[in-house]
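Structures for review follow.
Presented sequentially are two complexes of chain A, the first with chain B as partner and the second with chain C.
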Partner chain A sequence: MTDAKQFDERYRLNPRRSDDPGARKRSRFVAEQQRLLQSDLTRRPSNIAFFEDLLTDPGRPDDKPLVGYFCNMIPIETIIALDARPIRLGCGNPALVQQGEEVLSGEICPLAKASFAAFLDADNPANRCDALILPSSCDAKRKLGEVLADYKPTFMFNLPPEQDAKRFGAVAAAEVERMASWLSKRLKRRLRRSALLEAISHTRRRTALIRRFQEARSAKPAALSVRDFFVIIQSAAAGGDIGAWLAEAEKALTEVEAYEPTRRRFRPRIVLTGAPMIWPNFKVLNLIEEARADVVADTLCTGAESCFDPVVYEEKGRKALMRALAERYVFASPCPCFISQGTRIARVLDLVQEYRADGVINYGLRLCQLFDMEAYRLSRILKENKIPFANIRTDYSLEDTEQLRVRLEAFLETVEKD
Partner chain B sequence: MNDFLQPILNLAEPLTSALLALLVVLAIAWLRGRPWTARARRGAFVLVVALFFAVYYLVRGTAAGARWLAAMNTPFAAVFLTVVLPAMHLPRNKWYRLFLVWPVLLVAIAVVSVVDAYRAVPGNARGFHWILVRPVWLIAGVTATLVLIQPLLRLATFRRVVRGTCLVVLVYGGFALRQSYDDYQAMLARRKDAVQDMMLLSETSPVMQHDDRLAYLPSAPCRFTADGGYVQGCNLEMIQRLMQVNLGAVGRRDPSAIGALSIILGALVVFLVFCFATGRAACGWLCPLSTLGDVLNWFRVRLGLPHYKPAQPVKLAALFSGIGLGSIALAMAKAYPHLDAEGKFAGCKIPLYPFCKICPSQQVCPVAAHGVSAYAGLPTWDWGFGFFRAACMALLAFFALGFIASRRLWCRLCPMGMIAGLFNRGGMFRLAKDAGKCNQCGVCADVCPMDIDMVRSEMTDENVSSFDCVLCLKCVEKCPRDECLSIEHAGAKVAESQYQP
Partner chain C sequence: MISAGVDIGSTTTKAVIVGDEGPRAAVIVPTGNLPGKTAVEVFQAALSEASLKESDVDIVATTGYGRRLADFGDVVMTQIKACAAGALAADGPAEAIHTIIDVGGQDTKVIAIDDEGDIEDFSMNDKCAAGTGRFLEVLAQKLEMPYEDFVQEALKSETLLQMNATCAVFAESEVVGLLARNVAKCDIALAAHNAIASRIASMTRRVGSRGAYCFVGGGARNKALVQTLSEHLNKPIHVPDNAQTIVALGAAVGARAKAAKALERGVQ
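After this line comes the complex of A and B, so read on.
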């Protein structure tokens, strides 16, 4: 396959760096702050430090190449199969927002700004990547690829506009194939089918684990805080060894499943939907739990939903596997970047029913039009179904924390069980 | 043993009636919709069955009634009613184990029946004569075994086991599962010339041909399998027989023509009842032709080669070729009473079973059962001015290509499956989808061997059964969303999607 250049070589720029020890310090401080806050939780898995360490800095345990990716729509199985480590680069560190803002613009969503700012610091784990893959999942990401191409070899993964597997199935599968061959050329490795199958079996085991976590948490939310749950989930994509992660997560799951609550729990059960919440920006999660509510399920692409769907294949041919990857990563996604929001609405309604939730909280990231636009129809549909709904729109900064706390507490009072 | 069982069997005869099978599935489906208590429903059900038994005994008292009822009796109905239906409908709780006593008993009876048949072998001929067993006990034993092992297996494994078992029984049953020692010897005596044997239908005798009854299955258990096969044949063989009946002779009250007609009509009723009760499930679970074809498909999958996803025009072409060739061949069977001494009608040489002459099953099944030596060759050019040879070659090529390159493309052409497919919607099986759980990821459409997209795309109707669906349940097995897809029989959930890593 001819590898057409995605970016115009004539206008390449020298990567811009900013060696700002203050920003580095601030970002480390924010992460420590969140760790500290979560250390107050009453029940935590004994090995939670393993997951937190992964998130703070995965290090580079061996000399496998690192492949950075954004969003939950990149088939990481291809990366694993090429004997590289996938690392998810979507950044949730509020301290980096301002740095990114200074270079790019203020009118971009904080996620894109912070993710970009990670590349300004030469010491950041993001800069250890050997290649980057970005999906064209929103306008910010679509353009971020070109900006980051100055820093690292970058591939833009084109998503179809509609989640119509009949119409776009072959296109999406071809795009996965294109991505895989770009990557294998870049890493100078051959993608073997057996390696791909093995990687799929790993992520399928991860899916099974996350689903069991989900069941256990829904039955007894006190067993595991949603913040710790998110830490466990997000550390799976932090660039560590997936085998080690599976072993530790299995251990944590055993503890969670073994927990027997001593009394009934009267806290409202919440389904969380909306924009990604990326560690250490767990502001809203902190608030919800401090207001004594349980998040029993979510549709967040950085939450349980990110590992919920397995790759399912019937045939083991390369073409069939690419198709299976496209089905899982493109067509099963509840991302608002697609034309219809039916997937997400159906998922929210189903989660409310399945996990007997008392209300839905939609988290909108300021300056993200996609989630913002979706909130209107979502709120009306939930109202029609008589499900209490709160829409919270905020960004990474802590300025509005107390206003949000008041709003959340008021909302939770309306859904409170008697 | 048979003498001891005879009074019981006599009393239980209504159980073998296809009419009872129909009544029971209809009653179950109807009672499910009633807002009654479970007790009232159970009572009504027992009442209906008791009424049927009473009416059956009464009608059996008259000579003509007994003859007609007997024409619609089949051991398949009894096994379906007492083993398959409870296995599908009973809730899987601890009481289910209590029900499992019955299949265990049936397996025991089948074993005893084999021992019994071997005891009857004359002393000078002791030795190995394959498995000698009465068809009713074989069917009961095999079905009971499958029901017993089902809870231990995953859906995919279970389907493989069922398909393998049906292949063995239907293709090798003709010589390996004869009724008794005498029956086995008679088969060996006929076997002198395997090819000749298969081409002269009157010379062969399937294991289940007895008591003026013919057993047909709604799929392709080919008539031309060596040594007569196990059952009479597929549904098209039955319809060809119906076509062959000389209606003029029936009008003249010719007893032989009336006898032939009544046998076919009885078999037709049994066949339609099973189609209604099981839809096209026989294609996905039982058909030996598709199992043999899937062996070809398996090689492709093993090699990791991609398959051809048929475009809509190709699917339609297959459908209309099937309908066209099927109707032409069936119409030709009408010529049977008018054939002259040379086997010609209006100067055109027409075989007794015109559709079988072009069907790939006649080419494939004998070879599968008896090796290449049993291959009779393609029909010669003089049959129907070359029509039969050309059509046979085309269909054989389509069969092989369809299975090798495109999973089950052949099944879109197969007229046998089409007849059962008419019962996919409106029949008792229903593929149901909870659209609230579906995210249209497309896995179901991708794994479907029939390349049906409707299971994915349908988001308003809960019923996603379609004419082409062979009920193989691959979509249910692979669906990544728990409880999204399910298969229901007469309103009862038989299986549903459940993720397993």
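After this line comes the complex of A and C, so read on.
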């Protein structure tokens, strides 16, 4: 039940480090630029700096251990219940992509390369982690775990191949249990059922807040830019204090809900789906809003979707709770790593109807085959349902900005048909 | 009513003036590195070709990459919308046009038109130059041939060499390899045309191809590209007379429709 079983100790390597002040400087600059760009937004929550600061560097609010995790499929309640801080490590900084190629091949997706590059820099917040947990959600992640195991104690969370809870429910719940006991041994703490219940109530409060944001934005999109919404959401997983985040988010929500638009909004309403967009790589979000369209809902694992499903349990026994966590994190996930893309397509169709969307934009990250393969079925299903659809495939770099702008504007012209 | 369309493209800037009786002037100049200034010049040149003053023009639309740079326009539209409007307004084949292929300096676009004449779907090449006019220009330079000769040479060849079209820079080194093996220049030229034609053909089929094909943009002036593309699509391709100024024409036509609608509203 230890990491030694997952990774062969005989072939462990000394971790490589790289001191590149140029890359560090550029990555800070890129983040500042995005912050500057968003500072021009007309309406922003008065406390938005709190969330932006968390994304820049969460610091270390106390001496609780930090547990780094990837993707939206790790039951973070187990980490919180062990009195540790979860910090999501998927990196969106374009300046770090190239640095990742010092070790990884150029043919790996920019998300994996940038996320890995964070570990090359000894001063990066990622290196403050006491343990790492990665799901086997794609080939890059599956192998990244083994690379990162040289840097930090690492656990690979195995996902079932299909979202069939009847067949795989027990296996997935056992995997959550295995992960929890690995972490509990690693941190030398006991996982208490009462602490787990309390952690679940924390994340449920977060879900409730995000859902209220979602409703308010859908009714009056001018109240909050999708970029600021994503900043708020993503900062929740940045490793800061959960209680503080909940209090600030509540404050921002009060302002958003209190906003009364002065006139009707005629901008096209978009449902965004596809690969994760991670701050500060908000290139496509910038373009969508600059083209005067509103993202009213999304299925992104780094967007509202990441907080949308609450953990629901019927019994409070440890086994039942593990099952409930598996249900939320594995079987409700819209990730394309499962055999069928049914969960995501159904979700997109529901969102279009529920939020009265005019069209769907699918964001594909270059070198992510999973989302790329799914674009085919998604586009045909949406066409059959007469829902305008645009497929945007790009990476972290800015060189195709103007091409993307033409595509998005032309798509919006066809949506509007004036 | 007099309307004007100015298409500020990556390589050339085009202006077309349209009166009630049809197009009155069409001017093409290289864009250079000051697209905003070039746009003003080409618009003025088109006015003088049509013997008109700026005050005679009722509405101006700008399109292309520099569409927001030219601040003298009334309407801004994307080159996709303008291209569709232009191809449908130009001289056409007997069969209705449902597929428009536009090969420009930095982009290739395929637009599917529905039965109402609206844009049904469209596709653009990925960010790099492969599959665009630029790809062929780069290879002509590598062969040290003027572009016109490069096209003529391609038409002469009967050899079918394989060449990649995924990257213009890689294709350049591929050409270096072929030259080192003493392969005839005409065969390399044809291979380059076939590479890009097959790429454009699969892009066309992705968008869904039916009805007549209309080929516009600077690329449509290239006879070797028209021939190889037609072979890959297994269908004749219609190239309108003014293939390179179609987008500017479409902008002018689109602007007219907009002005007409606005006037109608004003009367009511």
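Assorted remarks:
As a working rule, the second predicted complex is superposed on the first by the 412 of 418 C-alpha atoms of A that agree within 3 Å, B and C clash if a C-alpha of one lies under 4 Å from a C-alpha of the other, contacts with A are read in each partner's own complex, and residues count from 1 in each chain.
Criterion: contacts are C-beta pairs under 8 Å (C-beta built on N, C-alpha and C of every residue); 3 or more make two chains touch, one makes a residue touch a chain.
Note that the structure is a prediction, hence the values are computed from the model and not measured.
Once chain A of one complex is fitted onto chain A of the other, the partner contacts of A:413 are limited to chain C, with no touch recorded for chain B. Shared-chain residue A:402: touches chain C; no touch with chain B. In the superposition on chain A, contact of A:393 is made with chain C only, not with chain B.
Of the two partner chains placed by the overlay, neither chain B nor chain C lies in contact with A:107. Once the two complexes are laid over each other on the shared chain, residue contacts for A:317 go to chain B alone; chain C is not touched. Touching more residues of chain A than its counterpart among chain B and chain C is B. With both structures placed on the common chain, the touch criterion links A:346 to chain B but leaves chain C unconnected. Once the two complexes are overlaid on the shared chain, A:9 sits clear of chain B and of chain C alike.
Of the two partner chains placed around the shared chain by superposition, neither chain B nor chain C is touched by A:40.
Residues of chain C touching chain A in their complex: 65, 77-81, 106-107, 118-119, 121-122, 124, 126-127. Per the touch definition, chain A reaches chain C in the complex via residues 383, 393-394, 399-400, 402-403, 406-407, 409-410, 413-414, 417. Taken in their complex, chain A has these residues touching chain B: 163-166, 169, 193, 201, 204-205, 207-208, 211, 309-310, 312, 314-320, 323-324, 327-328, 331-332, 334, 342-343, 346-347, 349-350, 353.
Across the complex, chain B meets chain A through its residues 301, 303-307, 435-443, 445-447, 453, 456-457, 459, 474, 478-480, 499-501.
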